[in-house]
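In the two complexes that follow, subunit A is the common piece, with subunit B as its partner first and subunit C second.
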Partner chain A sequence: MRGHIEEGQRMRKIAKTKVKRKFDKKLLFYIVLMAFPLAQFAVFYVGVNFQSLLMAFQQYDSFETHFYFGNDLLINFKRIGEEIGSLLVMLKNSVIVWFFASFVGTVIAVLFSYYIYKHKRLGIFFKFVLFIPSILPAVLMSSIFQNFVNNIVPVAFDSIRLMDMVETPLDVQFIVAVFYTIWIGFGTQVLLYTGAMEQISPSVIEAAELDGASPFREFWNVVLPSVLPTIGTFLVAGVAGAFLNQVNLFNFFGGSANWSVRTIGYHMFSMSQMKGGEVDYPFLSALGICCTVIAIVPTLLLRRYFAKFEE
Partner chain B sequence: METKKRKRSSARFGVMYGILLGILVLYTLSLIILLFWTLITSLKEPLAYSSAYRQHDLGKLIGFGDMTFSNYAYAFENFIVTINSTGATINIIGMFGNSLIYAVGCALLATFTPCIVSYLCARYHYKFGKFVYTIVLVVMALPVVGSLPSEITMVKNIGLFDSIFGLYILKANFLGIYFLVFFANFKGIPYEYTEAAAIDGASELRIMVQVIFPLASSTILTVFILTFINFWNDYQTPMIYWNSYPVAAYGMWEFNRATAGMTGRVPIKLAGIIIMALPILAVYAVFHNRLAANLSVGGVKG
Partner chain C sequence: MKKILSILVSVVLCMGIAASAGCGGTPSAGEVAGKTNITVATYNGGVGKDWLEDAARAFEEQFAERSFEDGKTGVAVRVEFCEGADMMEEQNLNKDVYFTELFDYYTYVNKNKVADISGVVTTSLEEVGEPGKTIEGKLDQSFVDFLTAKDGNYYAIPFYEGFMGFIYDVDVFAQRGYFFDEDGNFTGDETKRSLGIDGEKSWDDGLPETYSDFQRLVDKIRGDNNITPIIYGSDAVGYFYKALTNWWSNYEGKENMLKNWDFTGTFDIVTGFSGDKPIIGQYTFGTDIASDVRELQKQPGKYYALKFLKEIVCGNANNYESLQYQEAQEAFIASRVPGEHGYAMILDGSWWENEADLYGAFDAVSYIDYNYDPSGADYKHTRRFAFMPIPLVDEVAESLPAGQTHKQTLYSGNDAFCFISSNTTGAKLDVAKLFLKFLHTDEQMSAFTARTSLTRALNYEMGDADLNNMTYFGKSVMEMKQSSDIVYPYSANDYYLRNSSNFVLERWGWTSKVGGGTEDNPFVTFVQDANVTAADYFRGLYEAH
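Right after this comes the complex of A and B.
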C-alpha cells in the first residue's frame, strides 16, 4: 500500500517536472523571439523619441558637431514664435490635406469598396485599376502627372502649366497637389475595406435580404457598421499622419517648394534631409513636439468615438 | 406604406449605384488615359514632341506619330546617377540591384517581425503579450511628429548610417497596421491545431513554422508583397540612410528633377519611367489576385 503511494507521488513529481520543463521551454522560446523586436523598439522608438524630446531643448555646435544644452533652453520654441507666420500657413495646409484625405478620401473609398464588393465581376477590374497608382512608385506617378498637366492640359485647354514651380500660381500648385494626393490614394484603402466587407458572414447578408432590406439599408445597417472599426483605424492613423503628409511636394519640386504651399510634413522632411541640416534638428524637434501636442486631442477623441463600435 | 418606402430607398440606391459607377468609370478612365499617354509619348521623337508643344498642336502631342524605340535605348544608357559621397557613377542596372537588396531585405524583416510578435501575442497567454498589443495600439494612436532628425542622429551615433544592415534593423519593427492584420489572423486559427501538434511532440518553433504559419501563409505573402512594393517604390529612406547606394526610384527622382521644364526631354523621361516601372508591374501582374485576397484590420480599441 505504502509502495503504491510512493509510486504515485513519484509519478506526480515526474509529471510536474515535465510540465515545468515544457513551460520553461515555452517561456524561453517566447523570450528569445521577443528579444530582438523589443530591443529594436527600445532603441528606435523609445530611444529616438526620448532623444527627440531632449533635442528640442538643445542647440547644435557646428564646429564640434554635437548637440548641447545652452543657457537658453527654450531657444527653439522661441524660434517657432518668430516663424509663426509661415508655420501657421503650413499648419493650415496640413489640416486641409488631412481633412480632404481622411474624410473625403475615406467616404469615396468606402463607397467604391461597397460597389466592388457587390459587383464582383466589374469589381475585379476596378480593383485592379484602382490599385495601379499604389503599385507604381510615387515618384513615377507624380512625374507622369506633372508632365501631363504641364504639357497636355495647357495645350488642350489653353491654360497655364498646372504644376510648374515658376509659372504656376502658388494657390493652384497647392490645389493640384491636394487633388493629386487624393486621386492616387484610394488603392490601399479600397483593398482593406473590401477585405473587411468580405469578412461579413454571408448569412448576415442573406438574412438582411430575406427580411427585405433594400440595398441602401443593407449598406447602411449591415455593411457600414461592420467596417467601422477598419475606418476608425484609418482615421486615427490619419491624424498622426497629418503632420507627416508631404502632399507629394518633394516628388514634384524636391526641397525647393515655395513656403506658402508647404505642409508641416514636407517642411520637416526637406529640412531634415538637407546636407548640413543638423543645425536645424533641435528646431525641428521642438516643432515636432508642438505638432504632437496639437494632434493628440483629435486622435484621442476619434479613438474614443470609434472604440464604441467594437462593443 | 412600407413597400413605398422600400421602393424609394431602392431607387435612391439605384441612383447612387449609377453615380458610383459613373465616378468609377471616370476615375479608371483618367488613370488609363494617363498611362496610355505615357506609353505613346515614350515612343515619340523628342524633337517632334518639343515642336508640337511649341506649336500648341494637341493632335501631334497626344496622337500616334512616327514611333521610335530610341528613347528607351537612350534612357537605359543615360540613367546615371552620381554618388555624392564618392563622386562615382551608377547606372540603371546598379540602381535596380540596390533596389532589390533594399526592398527584399526590408520587406522580409518588415513582414516577419510583426508576424512573429503578433503570433506570440495572439497564441501565448502571457500577460506581456497584452502589454505588447497595447503598445502597438498606443503607438498607432499617439501621433508622434518630428522624430526624423533624432532618428538620423541615432542611426549615425550607433554606426548604422550608410549601411544596408542599418536599414534592415531600422525597418525590422513590429509596430503598425500589419501587426493587427496578423494578430486577427492568428487569433482566428483554432487552438486544436497547436494542441494536436504538441501532443505529437512538435517543438514550439515547429508548431509556429510548420503548423500555424502555413495556415496564415496567404496573409504573410500578401503583406510581404505589399511591403516589397512599398520599399521598392521608396526613395526617401535610402536617400537619407543609404545615400552611397542610389536605388532605382531615387534615380528617377533625380532625373526628373534634372530635366524639369525641358519639354524635349519628356519622351525620354517617360521611356525611363516605363523601364523603371516594368519590374513592379511584373510583380503586380503575377500577384494581383493575391493582393485582392482577404486582408482585414481590426479596430482601435485596446
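Right after this comes the complex of A and C.
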C-alpha cells in the first residue's frame, strides 16, 4: 500500500514536471513568436504615432537639432490655415485620385477579373502582362513610362511631351499621373479579384448556368456578391490611404512637381525629403492629424456599409 | 542540418545587406599591410574621384617614410564612392574621411558623427609643405562664423563651389559671330571683342553687358538656322532657381546679399511700382527679426532676376529647349559639329564639364566631330566653353559713373563639405587629419581645379603648370571666381542658426503665392502661365513667407 502511494506520488510529480515543462515550452514559443511583432507594433506604430502627435505641437531648432514645445502650441495648425489655398488644391487632387483609383479602377479591374475568371481568350496572357508592372521596381516602371510618353508618343503622334514638368500643361500632367497610377495598380487588383472569384464554389456557378443565367446575370447576381467583401476591403483601405497616395509624382519629378498637380501624400513626402526637411516635420504632423480627422468618417461609414455583405 | 543551413543563409543575407548599405561595409578589407591605412569616401556625383586618387597617390609618396604607428611605415589611402550624399546620416560612418554635399553640418555635429578638426584648420600647413598658411586663413568669414558657432571648434571644411548659370560655346560664338565688339555690333573675330563688364581684357570679353544686350543676343541666335539659344536638362529644372539666385546676388552685391543670413543693418527694398519700374526704399532690421526677415523678400535684386527670366529667357518659346540632362550636355558639346543642331548656351552648374566627361559625352561627340584630330589633345581640351557673365540691369549699367566697372557677385550654396568620421581614432585619425591638411595646400587645391574644372570654396592660387593643363572652361571658372565676390549662405546669427532650415534656397528663395496658388520655380510658372508677370511673382514672394 505504501509502495502504491509512493509510486502514485512519484508519477504525479513526473506528470507535474512534464506538464510544467510542456507549459514552459509553449509559453516560450508564444513569447518568441509574439515578441518581435509586438515590439515592432510598439515601436513603429504606437511609438511613431505618439511622437507624431506630440510633434504636431512642437517646433524645430536647426542649431540644437531638436524638437521643442514653443510658446505657441498651435503654430503648426495656424500654418495650415495660412496655406489653406494650396492645401485645398492638393486635397481636391487627392480626392480625385482616390475616386479614380478606388472606384473607376476597381470597376474596370473587377470586370477584367471576371473575363479572366471565365477563361476567355488570352485571359492568362493579359493577367501576366498586367501583373508585370507590379513585379518590376516602381522607379524603373516610372522611368520607362515617362520615357515613352515624353519621347515616343510625341514622335508617333506629333504631340507635345505628356509628362514634362515645364512643357506639359499641368492638367495633362495630372491626368497622365492618375492614368499611370490606375494602370500600375491594375495588376494587383486583378490578381486579388480573380483569387476571390476562384473561391466561389463551382457548383454555384454550375447551378446558375443550369438555370439559364446569362454571363451578365451570373456576374451581377453570383460573382459580384461573392467578391464584395474583397472589394470592400480594398475600398476601405483606399479611403484610409487616400492622403498617402503620391500618384507616383516623386518618381516622375523628384521633389519638384508643380504645386497644382500635387496630392497631399506627395506634398508631405516631398517636404520631408527636402534639405532641412526636419523643420517641416511638426507642420506635416499637424497636417497628418487633420487628414486623419477628414478620412476617419468616410472610412468608418464605408467599413460599416461593406460589413453588411460580410454577414 | 536544416537548422545550420538556415542560420548560415541568414548570416550570409545579413552580411549582404550590411555590405550593400551605401557607405557601409568593412573598412579593413583590402588594406595595405605594413602601412597605416585610411579610407576616403566621396559622393558619386559630378566631381568624380579621379582628383582624389591623384591626391592620395601624392600623399602616399610624400609620407612614404613616416611612421604613424608601431611596426608600420608609410600610409595607404583608399578612395571609394559613396552613394547618396544626403543619406549618410542614417549610416554608421565607417570610412575615415568624407567628401559630400547636401551636408547638414549641425545635425552631424550634434549627433557626434564628425571629429573635431580644429587643429587641422587653425594650425600651420608647414607639415604638408606650405609654411605660414592655415586652412582657416583661406576660409571666407561666413564659413568661419558658421562652422565655429557652437563651441568655437571646426568639424568640417568647405568642399567645392557650385556656380550656376549660362555656359556658352566659345567655338560656336566665334563661328557664328555672336560676340559683341566695342561698337556693340556682333562679330566672330575674337580679336575685336569688347572689353566686357569689367572694362579690361579678361574672361568676359565680347559678351552681353546688360539685359538689353542679352536680349539682342538671344534674338540674333534665335533668328539663325539650326541653332537654339539655350538648352537645359528637363530633369534639372531646379537649376533655374539657382541661376536666378546668382542674378539676384549680382544685383544686390555681397554685403546686401549676406543680409539674407546675418539679419543686420539696412538694405534696399521695393516699396511699390511705377509702371513696371520698381520704387526703391530702405529697410533696417529691428529687434523683431522673425518679422523683419520677410522684408528681405522685397530685395530689388529678386525682382530684376525675375524680370530677366520672364522677359528675356521666357520671352519667346523658341529661346530654349530641353532634353534629359545628360543628353542636353552631350547635345551642347556637339553644337559645333556640322549638321548637328546647335545650342549656344546651356543652363548648368560649374561641374557640368567634369560630369559630362565622366560619363563619356566628350568621347562620344569626338567620333562625330570631323574637325577633331585624335592624334592631338583629348577632345575635351580642344573644345572651348566658358561661363557667361551675369549681365547688368540696364539702369544699373547706365548709372555707373564713367570709368567705374561692376564687380560680379556669385552665389555658391551647395552645402558641400569634407570631414572626418568620429569613429576614426588612433593612428588613422592622425593620418586622416594630415591628409585633410595636405588636400588644402594651394598646390593640391590647384590640382583639384585643374583636374575637375571646379573651384574649391577657399582662397588659393593656381600653379602655372595646372593653369596650362586646364581646359578652357576650367580657366574661365577660375578667372570668374578670382574676379568676383562670392556669397556663401551661412552666418553665426542666432536666429539664422536656430531656423537655418527655413532659409535653404528651396524654401526661402523663390516660393511665391501667385495666381491663387503656390509656386516654387519661376521658370515653370512663367512657361505654364504666360499671364504671370515678374511683378506678380515678386509680390507673391512676400505673401508666401
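Everything below uses one rule, namely that the second predicted complex is superposed on the first by the 281 of 311 C-alpha atoms of A that agree within 3 Å, B and C clash if a C-alpha of one lies under 4 Å from a C-alpha of the other, contacts with A are read in each partner's own complex, and residues count from 1 in each chain.
Note that in this section a contact is a pair of C-beta atoms (placed from the backbone, for glycine too) under 8 Å apart; a residue touches a chain by one contact, two chains touch by 3 or more.
Remember, predicted model here, so these are calculated numbers, not experimental data.
**Student:** In the superposed model on subunit A, is it clash or fit for subunit B and subunit C?
**Tutor:** clash
**Student:** Determine, under the contact definition given at the top, whether A:Glu83 touches first (subunit B), second (subunit C), both, or neither.
**Tutor:** second
**Student:** Let me test your reading of the model: by the given contact rule, A:Leu284 touches which partner, first (subunit B), second (subunit C), both or neither?
**Tutor:** First partner only, subunit B.
**Student:** In the three-chain superposition, say which chain, subunit B or subunit C, touches more residues of subunit A.
**Tutor:** B
**Student:** If you stack the two complexes on chain A, which partner ends up touching A:Pro169: first (subunit B), second (subunit C), both, or neither?
**Tutor:** The answer is second: A:Pro169 touches subunit C but not subunit B.
**Student:** Once the structures are superposed on A, label A:Ser62 by its partner contacts, choosing first (subunit B), second (subunit C), both or neither.
**Tutor:** second
**Student:** Tell me which partner A:Gly276 touches in the superposition: subunit B (first), subunit C (second), both or neither.
**Tutor:** second
**Student:** Between subunit B (first) and subunit C (second), which does A:Arg10 come into contact with in this model arrangement: first, second, both, or neither?
**Tutor:** After superposition on chain A, A:Arg10 lies in contact with neither partner.
**Student:** Check the residue A:Asn258 against both partner chains and state whether it touches subunit B (first), subunit C (second), both, or neither.
**Tutor:** Only subunit C is touched by A:Asn258; subunit B is not.
**Student:** Let me test your reading of the model: by the given contact rule, A:Lys92 touches which partner, first (subunit B), second (subunit C), both or neither?
**Tutor:** neither
**Student:** In the overlay, one of 20-28, 128-136, 146-154 or 254-262 from subunit B clashes with subunit C and the rest don't. Which one?
**Tutor:** 254-262
**Student:** Output the subunit A positions appearing in both contact lists, the one against subunit B and the one against subunit C.
**Tutor:** In subunit A, positions 164-166, 254, 275, 277-278, 280 sit in both the subunit B and subunit C interfaces.
**Student:** Inside the complex, what are the residues of subunit C that reach subunit A?
**Tutor:** The touching residues are 86, 102, 104, 106-107, 110-111, 149-150, 234-235, 237-238, 322, 415, 494, 497-502, 504, 506-507, 513, 516-521, 523-524, 527-528.
**Student:** Which residues of subunit A touch subunit B in their complex?
**Tutor:** 25-27, 29-30, 33-34, 36-38, 40-41, 43-45, 47-49, 51-52, 55, 67, 108, 111-112, 115, 124-140, 143-148, 151-152, 155-156, 158, 164-166, 183, 186, 188, 191-192, 194-196, 198-199, 212, 214-217, 219, 228-230, 232-233, 236-237, 239-244, 250-251, 254, 264, 268-269, 272-273, 275, 277-278, 280-282, 284-289, 291-292, 295-296, 299-300, 303, 306-307, 309-310
**Student:** Provide the residue numbers of subunit A that touch subunit C in the complex, in ascending order.
**Tutor:** Interface residues on the subunit A side: 60-66, 83, 85-86, 89, 150, 164-167, 169-170, 254, 256, 258-260, 274-280.
**Student:** Which stretch or stretches of subunit B touch subunit A in the complex?
**Tutor:** So the residues of subunit B touching subunit A come out as 6, 9-10, 12-14, 16-17, 20-21, 23-24, 27-28, 30-32, 34-35, 37-38, 53, 56-58, 61-62, 84, 113, 116-117, 120, 124, 126, 128, 132, 135, 139-154, 158, 169-170, 172-175, 177, 180, 203-205, 226, 229, 232-236, 239-240, 249, 252-253, 256-257, 260-261, 263, 266, 269-270, 273, 276-277, 280-281, 283-284, 288, 291-301.
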